[in-house]
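So that you can tell them apart, the chains are marked A, B, C, D and E in the order they are listed, and the count of residues begins at 1 in each.
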Amino acid sequence: QNGASGDGNQLQGEVKIDGSSTVYPIMEAVVEEYGMTQPEVKVSVGSSGTGGGFKTFIAGETHISSASRPIKDEEKAKLEEKGIEFTEFKLANDGLSVVVNKENDWVDYLTVEELAKVWKEDGTVKKWSDIREGWPEEEIKFYSPGTDSGTFDYFNEIILEEEPIVKNATLSEDDNTLVSGVTGDKYALGYFGYAYFAENKEKLKVVPIDGGNGPVEPTNETVESNEYAPLSRPLFIYVINQAVKEKPEVYDLVKFTLENGAELSEEVGYVKLKDEDYEEGLDTLEGLK
Amino acid sequence: MSTTISKKTEENLTSDQISDPTGQNIVYSTKQLNLWYGDNHALKNIDLDIIEKEVTAIIGPSGCGKSTYIKTLNRMIELVPGVKTSGEIRYKGRNILDQSYTVEELRTKVGMVFQKPNPFPKSIYDNIVYGPKIHGIRDKKILDEIVEKSLRGAAIWDEVKDRMNQNAYGLSGGQQQRICIARALAIEPDVILMDEPTSALDPISTLKVEELVQELKKDFSIIIVTHNMQQAARISDKTAFFLNGEVIEFAETDKIFSNPSDKRTEDYITGRFG
Amino acid sequence: MSTTISKKTEENLTSDQISDPTGQNIVYSTKQLNLWYGDNHALKNIDLDIIEKEVTAIIGPSGCGKSTYIKTLNRMIELVPGVKTSGEIRYKGRNILDQSYTVEELRTKVGMVFQKPNPFPKSIYDNIVYGPKIHGIRDKKILDEIVEKSLRGAAIWDEVKDRMNQNAYGLSGGQQQRICIARALAIEPDVILMDEPTSALDPISTLKVEELVQELKKDFSIIIVTHNMQQAARISDKTAFFLNGEVIEFAETDKIFSNPSDKRTEDYITGRFG
Amino acid sequence: MHLIDKSSVIKKMKPRLLVNTLYKTLFFAATMFGLLVLAVLLYRILSQGAGYLSFDFLQNLPSRRPEQAGVKTALIGTIWLMLVVAPISLLFGVGTAIYLEEYAKKNKFTNFILVNISNLAGVPSIVFGLLGLTVFVRALALGTSVLAAGLTMSLLVLPVIIVASQEAIRTVPKQLREASYAMGATKWQTIVRVVMPAAIPGILTGGILALSRAIGETAPLVVLGLPLFLAFLPRTVFDTFTVLPMQIYNWTSRPQEEFHALAAAGIIVLLVLLIFMNSIAVLIRNKFSKRY
Amino acid sequence: MALKKDEQKISIQSMIDENKQRKSGHMFIEKLMPILLLLTAIVSVLTTLGIVFTLIFETFMFFDRVSIVEFLTAKSWYPFSQEGSYGIMPLISGTLRVSLIAVIVAVPIGLASAIYLSEYASDKTRRLIKPILEVLAGIPTIVYGFFALTFVTPILREIVPGLEIFNALSPGIVIGIMITPMIASLSEDAMSAVPNSMREGALALGATKFEVTMKVILPAALSGIVASIVLAISRAIGETMIVAVAGGSTPNLDWSVTGSIQTMTAYIVQVSTGDAGYGTTIYYSIYAVGMTLFLFTLVMNMLAQYISRRFREEY
């Protein structure tokens, strides 16, 4: 499957990627596979979160920025201001997963309203019993991706509706921290990208979400069909046009990413796009060259 | 003070004393004592009886084993790793080299004064009460009494009585040495061991300590190591001459210095070696 | 011995030497030298003329300023912080205390041997060539020659010629000291200063060094500090007696030891103090 | 006349001896506790990581699949870091030590430098990271390069090297210096030819210890922002890179057990490297110790 | 021999004289070197200045956005929430809790080890054990962090009810273990420096070893011991990776040690591993926190130096 990018000729150079920690597992897989076909191309991958990634993208420090939300207008404006042209590629679908500890035997599902109520800051100490009667009278420990993350932005928009998140939530750009936190804490409640749940299925319990049509659990099918609403969302990479044009290795890497995106995103636990979406992306890419 | 002595002697007659043939009480009876530092045979077949309430001087050239012997008497020698002994030293009848003899108990009966004054870096008062305190005496009044008595006994009371709470390090070397003697007196030992107690002192301080030793022998048995033959002649009753780890001659001091029976003793005393 | 001297004297008359009234060449002429360590007045109005190709001994009790004086002759004294001097020391006519006189130059002409043998922790060979090398001599052949000549000069060639590359620390104290002498000879100085060069050596090594000094004086002017009066008497031509930083007497060695003109010299020599 | 009741003294002897024995046992146990922890720690890490340890582990690039992951980039990166830190820190460290021991006069300024050095030794390493981030990464625009990290680490270990070198120079006997001066050698000649050769074992020992500190440090590098995932090797000092502790940290922070085992395997590699370096230090110390 | 020597004598001294021409070069080096060396010595001063200026400058940028009063007095630290709340106290509280636990672990064990090594152990034992203990101090802290998270925490959770996966207890204990050898080693040095005559003096009075240690050795070595403890505390305060890995990232202002906490150092790591978006308030906040940390450790270090200098015992 790698043949397409190889062309037999060895490329050299440096590609810098930063951005979404949600997308990070895909990019990590892509870069690892890519390294086997083009060992001379030096690719570094950061995971500063979508917002943080865009900051370095704007500063011209990276060639590719991954994102778990579409680019914001103000970010676009800054890029335009600097005269940087860029292109958006869709890479995979994600079901933002709400998780609790394995030992949590009381939560069967949560409604969007319940999520909103419990995650919003209102000056009180949140207990499980505040959500539904009969649940333990224990303080909830919140674990959330950091405010620079696309995941947070998405959650903020859909669930919190731009109101402040509970103050004592543990916020971390590093999803591994969140996984460890929820794994180790019986009264924890957290959310993050589907891949992190998929990778740690045995340790975590995912909470079905009722968005109005009954509780739905995030799975490949429910995410792809958008049945898992409202927490399904697409994942992106953004590429600087000029880099594609001037650096064959950037072009080659993006091509490789799109060609292998379906397989690799499934492998790390996300849901692939439709085949024609990838075809479309590859066409766009050719247009940039 | 002399009254005290005679009283004491009487008291002690009733205790577990052993007498030598001439009827004097023997404090320490050393028999066939051998000592090795690793492979170094430092004491060889030492036989020596130390009489109570006498000053016994030990003389001999450097390295002959004087310090080693005196340190064996209160088992301080055990601090040196790799020391082995054979033979016995009977202190009032019991063999102190026997491991069942607790050193701590032995050392409450046998005080020691060292070559270099080694007061603790504490106040004069605390230096003196250190011994009584570790032995469980807490009563402030008794402690005060002990301090005064010991300092008087060491002939330094008048010099320090007004600065009990000053650090002992502020004193001169000679004063420090007398503080160390007072410290040893404070636990009322029977024997006082002194290893060249004046060699770090100036002549005047030396004289004071020598006078003090004369005074102390009324109450204590004293064993003193010295390099200074004049000193041995001046202050001791008996003198033992050590050479290469052996006792060459042990006799009345007068005899040793006027009419030694061994040629080597004579050579040493007349300064032909050492 | 006297013939050697006279011969040398004749030869040297052509060089930049200054002569004393008796016609001998003066290497060092010290005039009204005073030296202070901080406030400690260690040398007081020293006047001393050192004659070429003689052995001049400096004796005196501990602390009298012997080392201080000899270290002033090659300005090693400057290593001690806070030293002040006044007066002058003329080496072949020029005042070495003058700061325009470079010490490095002075020290290539004035070698020094110390109390404790202090070879470098290098091979014997490297010890000897150290001096020539730092003065820019790199030619291996010349260096080899220098090594042999210096070691022969220091009477140690035969003992070490087969182990040139061994560390000098493997040698005995006496051998080390002769290595140090050889090291000093390697840059062929005019004068050799020796500060108690035998005091750390055993009697046999001492003898060897003494013989060596006798041999060396054919070629070098030697100033030697010693505690050992017999040594001074044995090997020196002139002797200076220092006391409390002053030169009490300076004369022919024979005269100093047989017929000193100062009472204090006599007292010292007969062992009445020091 | 007797103020001390001998019989009570004897009576109190037993409990005192008992207390002594008791505490001796306690003190011994405490000492053993430290050793025990060390043993447990090593055992844990060995048993956890041994499974992943193989020649491939040293040769493989990092991977998202634990079985395929290796420490090559990190190991090579660590070596790069050493190559930068060793010369820089030795140059400045030894230079400072020579200055302080041989040239500096006893005055306020020298004292200031000394106090400064001992304070610097106590500054937390993460603060050095902030310094490096501001000065090297940003102001000098070196990025997260080997050079930026190397400079930061050099400053971090500088006090260690200075103090060790001072110690080494100080133990060179005065007599050796005097011997050299007496031959007409200048001060610098004496330093180069006599003092330095004699001090070098001590300096090297200190240098190696400082280097081991440098390759074990994580915090400053985290602050500099070394990348998380790196599948290539640096070619020049201006390339970005990663080091063993960073790789270990990365694996540690992942929730899956497999990565923890990988972290343990990485730790074994790091510890072996450290043990290797320290044995060299010990060898040097033993070979050259106390020759005068 | 004498004759030959005379011939050569001229040659060597004259060779030396010839070489003297090059001496001017030597003299130049001689003058230059101290200056160069002084410059290297200045590097350490510059480093300190660099640290201080970096911290001060960026901290000022921070106080441009967040008032210093809030920084010092606010009781919560929520830099990631929308309105942001920047009160350093929770971070200081986290730091102090962890350090306190470390000290509680390290001081008794470290002192006991020091006493054992200096007073009870034979020379051979000491020479064997001391370096092994010091190995503990040389182990990279990331290793300890890993150990705390994967070994100590699970064990503690069996024992301590309600202990969360990230907590103050586990990293505190592990930091304690890490600084134990520092206390043991430095205190042992201080105790060994007490002259033997002091021990002998006390032993000769019939004191047991324990009594000698408590009443004579410890008081005499006190300044060294206290200095070692202060230094160790400074180390604990500045320790980073152990708390970053095992301590969690929840700044809170209470005295609980069972829950997730955040220390000053762990906060800096959190921001650094995530996104230190250059120029944001969060970016500057790590300098303000770094400054606080620096001041804390500086005070401790100065204190340690002061103690060991001021109270140096004269025996």
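Everything below uses one rule, namely that a residue touches a chain if its C-beta (ideal position, glycine included) is under 8 Å from a C-beta of that chain, and two chains touch if they have at least 3 such contacts.
Just so you know, these numbers come straight off a predicted model, no measurement behind them.
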Going only through chains that touch each other, how many steps at minimum separate chain A from chain C?
2
Among the remaining chains, which ones contact both chain B and chain D?
E
Among the other chains, which touch chain C and chain D together?
E
Measuring centre to centre with C-alpha atoms, which chain is farthest from chain B?
A
Counting C-beta pairs in contact for A-D and for C-E, the higher total belongs to A-D
Interchain centroid distance [CA atoms averaged], chain B/chain E, Å:
49
From the mean C-alpha coordinate of chain A to that of chain E, what's the distance rounded to whole Å?
40
Taking each chain's centre as the mean position of its Cα atoms, how many Å separate chain A from chain B?
86
The distance between the C-alpha centres of chain D and chain E, rounded to whole Å, is 12
Multi-chain contacts in chain E: which residues touch at least two other chains?
208, 211, 273, 276, 278
Residue list for chain B, restricted to those that touch at least two other chains
104-105, 108, 134-135, 187
Residue numbers in chain D touching 2 or more other chains?
16-17, 186, 189, 228, 253
What are all the chain pairs that meet the touch criterion?
A-D, A-E, B-D, B-E, C-D, C-E, D-E
For the chain D and chain A complex, residues of the former touching the latter:
61-64, 227-232, 239-240, 253-256
Can you list the residues on chain A that touch chain E in the complex?
48-49, 51-53, 55, 59, 121, 141, 146-148, 164-165, 167-168, 170-174, 177, 180-181, 183-185
Per the touch rule above, chain E residues touching chain A in the complex are 76, 78, 80-83, 85, 153, 164-166, 248-250, 252, 260, 270, 273-278
For chain C, which residues count as touching chain E in their complex?
104-105, 108-109, 132, 135-137, 142, 145-146, 149, 152-153, 187-188, 218-219
Touching chain D in the complex, chain E uses residues 26-27, 29-30, 33-34, 36-41, 43-45, 47-48, 50-51, 54-55, 58, 108-109, 112-113, 115-117, 119-121, 129, 132-133, 135-136, 138-143, 145-147, 149-151, 177, 180-181, 184, 208-211, 231, 234-235, 237-241, 244-245, 265, 268-269, 272-273, 276, 278, 286-287, 290, 293-294, 297-298, 300-302, 304-305
